[in-house]
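Next up is a structure, given as structure tokens.
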Amino acid sequence: MSFLKSIVATTVEIVTVIYLITAIIYLFRIVRGPTIFDRILAVDALNYNLTVFMALLALYLEIPMIALGMIVVSLWLYALDIYVSKYIEFKEIGE
Amino acid sequence: MNMVNLIIILGLVMITIGAFFEAIGALGVLRLKGFFNRIHAVTTSAIGGAALPLLGVALVSAFAPWMIPQGYYLAGICLTATILILLLAPAGAHALARSAYLCKNIRKKFIYDDLVEHLKERRR
Amino acid sequence: MSEILQAIFTIVVTIFITNMGIALYGVFSRPSLIKKTISLVLFTDSINIIAISIGFRVLEEGYPKPPILPKIPETPAELEYFVQVSVDPLLQALVLTAIVIGFAINMFIIGLVKIYYRHYGTTDIRVSLEEGKHEKNN
Amino acid sequence: MFLPAIILLIFAFLSIVVTYLAIVERDMLVAAIFMAFQGVCYAIIYYVLMAPDVTLAYIPISSGLTPILILIVLKKTERVER
Amino acid sequence: MIIIGLLPIYLLISATLIVLLKLILKKEVIVDLIAIILGFISLVATFYTMFLTMKHGIIIYRFGGFPPPLGIVYVVDKVSAVLSMLVSFSLIIAIVYSIWILLPKWRYLFYSLAFLLIAGVIGCLYTGDIFNFFVSLELLAISSYALTAFYRGSSKAIRAAVIYAITGSIATSLYLLASFLIYASYGTLNMADVALKARDPGYIVAFSGKVYGDVALPTIIAMILILWTMLFKSGIIPNHFWLLDVYSESPTPAVALFTSTADMIGVYGISRFFLTVFGEGILIEYFRSLLFNVALLIASVSALASALLVVTQTNIRRLIAYSTISQLSLAFMGALTGVPEGISGAMLHLITNGLGDMLMLYSAGIAIISCGKDLSCLSTLRSNIIAYTAFVIGSLNLFGIFPLLPGFWSKALLTLGFLKAGLFWGIIVVLVSSGLCAAGYFKAIGAIFKLKRNPFITISTTIPAIVLATLMFFALTLGILMTLNGYFREFVIQWGYDMIDYKRYIVITLNLTI
Amino acid sequence: MKKKDIVIAVSLAIMVIAISSALYAGGIIIITPPYKVRDLAKNFLRYSYNPWNGKLTSYALNVVSAIIWDYRGLDTVLETAVLYSAVIGITVLFRGIVEIRGLKHRGLSLLVKMPSRIVIPLIIAVGISLAVHGHLTPGGGFQAGAVATVTPALIITIFSIEALYVLKLRIQKLFLMRTIAFIGILMISISLFLYSLMSLTNAYVLQNMIREHSNISMPHWFIDVPLAGSVFLYNILEFFTVFAGLTYVFIVYSMRRKEVENMWEEVETYE
């Protein structure tokens, strides 16, 4: 049993490191990104990463209680996308 | 017991595949040129790199013996989050792509544009 | 292991304090009111995150738990174990209050900026200040 | 427990870069996006520092409510800082 | 004791009740009447509180029944009780005056904001908790931003509100940081607890234990941050940039509320924090005296400079604003002497300044309504005897030469305090700044009696006449009491002893037995 | 201008160094993140749900909720008042604004509208659930309100503000709802005191459970679920105050030009 547990822990550690590296790549994109849309893509991707981090950490630390934030994040993952697309396309936000 | 181990391994495999997808997507975001190529990479990493590992975590936490009393709680949250991501990621990407297409600066660089005729018709 | 956490923590908290300084610089030096508001948001957020890191702790073994009882305790010993492993709840409550207050103030400032734009036709603070100087000379 | 520590370090690094950019940037729409990015970084730091209540309050405010407030006021006023 | 606990809740209920009644009944007259009645009840409550403090000394109230470091307590001594009386009195005066000056349709918003402001001020005065002080400070701050922007059609008012809001929220955020630092090092938020541990770090208090780490450097940083916040709140000169526009562009009753309630919180807060909490006998005494000297220097420069600027003003509101800065700086200096006489002089000076400014503002309000904000417009007051009497009495009160007015006694006490503390240059600052201010006041009084084109007041002035008569009555009563009654003078000097008597504060609040 | 910038930057750098050294020398966090929490925090953790010490407990499993609404209840009541004050301030700024129905509106494309129709009820449901067991799991009144307020923001951007009018969320009604819910919070805070006046016992303002010198309490059990007395009620009412207040603000802010012009029509005389 403890063997399985250690396998899970190791996998989660490795996977988290990969996700962290991708987060730095997204930082590069948000700094460089020639257009606004590229920058929003980076924020979006970081938001997806956020949910994954929350799930992996709750699994790793064995505290399922705190993962409730994940559901809240995933409810408006697309909020910034639609805000900005409304901003670009329309004359007024309330239209 | 064996079955449980198998399912946990399956979940771990899903998490690993998700990490692979995420790495590929991030590489795409880094290297691809043009916004529409990059949005393709990001949606790949959204579905493959977020939804898949969440399912994996759900499997592991639901079946792992050391998570027993509250593992189902985490599994339920992960499943719900997966469904929501599958539902909302395309919608967001669509809205973004549409508004990006309506920007003239981005459209200038296209080699071939199928929707130009459509746009002209709509304008009329 | 906790030594690594401590060493990294040093850097992290210093980064938060630097963040606060940068945001304060933004409030003072940028002319646009919206930029000032954005800097103000960053500033209050940085103060709040400093407070949360003050309330953090490390354990000899394992990782600290959030200040929420996972289930109803049946014996005093169970409760005492929870007390030994949990982080500081008071600062979290204070930060929650501070977040709400900060949001209320930002909301109000944004309304003020909208009215300001209607009067001056810009969100630049320098325009109105120049106008004020002109009035005083007359 | 090196995993939470590394997460803390990386996201603190991301947040300082983004804060600096948000202050320096002249296009305020881009500054609002930087602010949202910083909000995500801080949300995960709150999470790692074991403050689930604060995370739950901070995520809606930083990524749901403040950006729309800023965008509304940008739409009604001007976008670029002189 | 329950009365102190009920007071903030009561003020919040009345703030909401006014809005509710307006939305349901849609009749302005009833709302005005109810606002006056609610204000009057709060005045009675604060009066009763003062009676209780005279009977028991310090009274405390535990919210929710929790013992102090665990829960929030309200600690009321004589100073805070008397200041809260001034606050609720100015609230009711402002309500009555606003019936005359504001549009009936939107008056209920003003009442609601005024009640919220007063709730914040009373919270600041009564509280015995550092974080609760922050929340009350925010409440009073945000309602004063809204009151500043009440005339939204005037561009200068909006500019004033924007500058006030942005800088004010930075100041309160820095106070927040200071309170976090204090919690981080002392492990508690209760003022009495902090005061005890600042003197004796090894003392073990029930529920909060010993101090946490070394307290010296965090205390220094927290003291600097708190000092800056309070200097900002009172508008002492390097931080006065927000005050001028706020005073010249807000509605008259709002300005009167600011000058008599919101801005005095700076002086009160500095004396509460630096005389009771981090008062005499703390471990970093050397730093405290250094900080006091720096603050005294800033305050005296501010008093002189603003008094100089009073003379040059041609706008009546700006004149009053600079005079307020000058008087508040004098009060700051008095509080920073650390001598009981100086402190009670400072607190009495807050009351004096509130009464005098209210008299001047409300009588000038009549002139502003019928003519404008220029000084020459004051000549309209000549047709109304009560108005110009009130103006003259208010300026004499602030000048402080006439012994039948409280202004004389507050300046006398301040001088006495400087003498006792050995700060002889403080006396010179008091004299010079009063003289300079007086030049400005006499310029204004001269403008009343200068023969000029005399536009008559066209609207009825019954309500402002009542308000001014009440204010004059109170000012004269206070002055005559000070002059004739030795017991009353003793009572005033007692405030200072109350403020620096940290031992009694700690023992009563924490319920210790020593 | 440049010289001023440099002065500001240098002074801020000094401040940053000072504050970090304050934390550093105090030994509070930087060198050693503490191995134990402060004693006050320990007592909060110990007493939050403690049936063995009935005089100091509040029967809430979520310690943060217990601190917010019970131990330091006055802070939170005043904080709600701050939010109310902001709402009143915004009413002052935008007084006289009126909604106009039937203006041109189209919203975003169908592909965004469809998933949103599914998600928006879910957000409200999550918000309500956060409020209802805020004393048991992470969550609480304010979090729930903030979560639920994202729906009006989403509806305004996706469908247009007209959709909110169709849902009968009018600003007047929301303002009234905000006021009534705030009065509810205040009344609950003094309800035990009022009860004690009738039954001639002793009670405190903002009291929740049995305390020293006071024997009355709010209900703390519902069948076999800990209810935490007034914490539960406060959470529900706080949800309504935050939701109504913030929705009101969003509607007022995102009104279209024609609607905004209404509020400047009435000429106001100033001093």
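The chains carry the letters A, B, C, D, E and F, assigned in the order they are written, with residues numbered from 1 in each.
Following the convention adopted for this analysis, a contact is a pair of C-beta atoms (placed from the backbone, for glycine too) under 8 Å apart; a residue touches a chain by one contact, two chains touch by 3 or more.
Bear in mind that the values here come from a model prediction, so they are computed numbers and not experimental data.
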Smallest number of contact steps required from chain A to reach chain D: 1
Centroid comparison with chain E (C-alpha atoms), farthest chain: B
Pair exhibiting more inter-chain C-beta contacts, E-F or D-F: E-F
Cα-centroid distance, chain C relative to chain D, in whole angstrom: 11
Mean-CA-position distance for chain F and chain B (Å): 33
Distance from the mean Cα position of chain E to that of chain D, given in whole angstrom: 38
For chain F, residues contacting two or more additional chains: 19, 23, 28-29, 34, 38, 40, 44, 62, 64, 72, 75, 79, 82, 85-86, 89, 93, 108, 112, 119, 122, 130, 137-140, 142, 147, 150, 153, 156-157, 246, 253-254, 264
Chain D, residues touching no fewer than two other chains: 4, 6, 50, 52-53, 55-57, 60-61, 64-65, 68-69, 72-74, 76
Residues within chain C bordering two or more other chains: 2, 5, 9, 18, 24-25, 37, 53-56, 58, 63, 65-68, 70-71, 87, 90-94, 96-97, 100-101, 104-105, 107-108, 110, 112-115
Of all residues in chain D, those that touch chain F in their complex: 52-53, 55-57, 60-61, 64-65, 68-69, 72-73
Chain F partner contacts - residues on chain C that touch it in the complex: 2, 5-6, 9-10, 13-14, 17-18, 20-21, 24-25, 28-29, 53-60, 66-69, 71-73, 76, 79-80, 82-83, 86-94, 96-97, 100-101, 104-105, 107-108, 110-112, 114-115, 118
List of chain D residues in touch with chain C within their complex: 1-2, 4-6, 8-9, 12-13, 15-16, 19-20, 22-23, 28, 31-32, 35, 38-39, 42, 45-46, 49-54, 57-58, 61-62, 65-66, 69-70, 72-74, 76-78, 81-82
Sites on chain F touched by chain B in the complex: 108-109, 111-112, 114-116, 118-119, 122
Chain A - residues contacting chain F, complex: 65-66, 68-69, 71-72, 75-76, 78-79, 82-83, 85-86, 89, 92-95
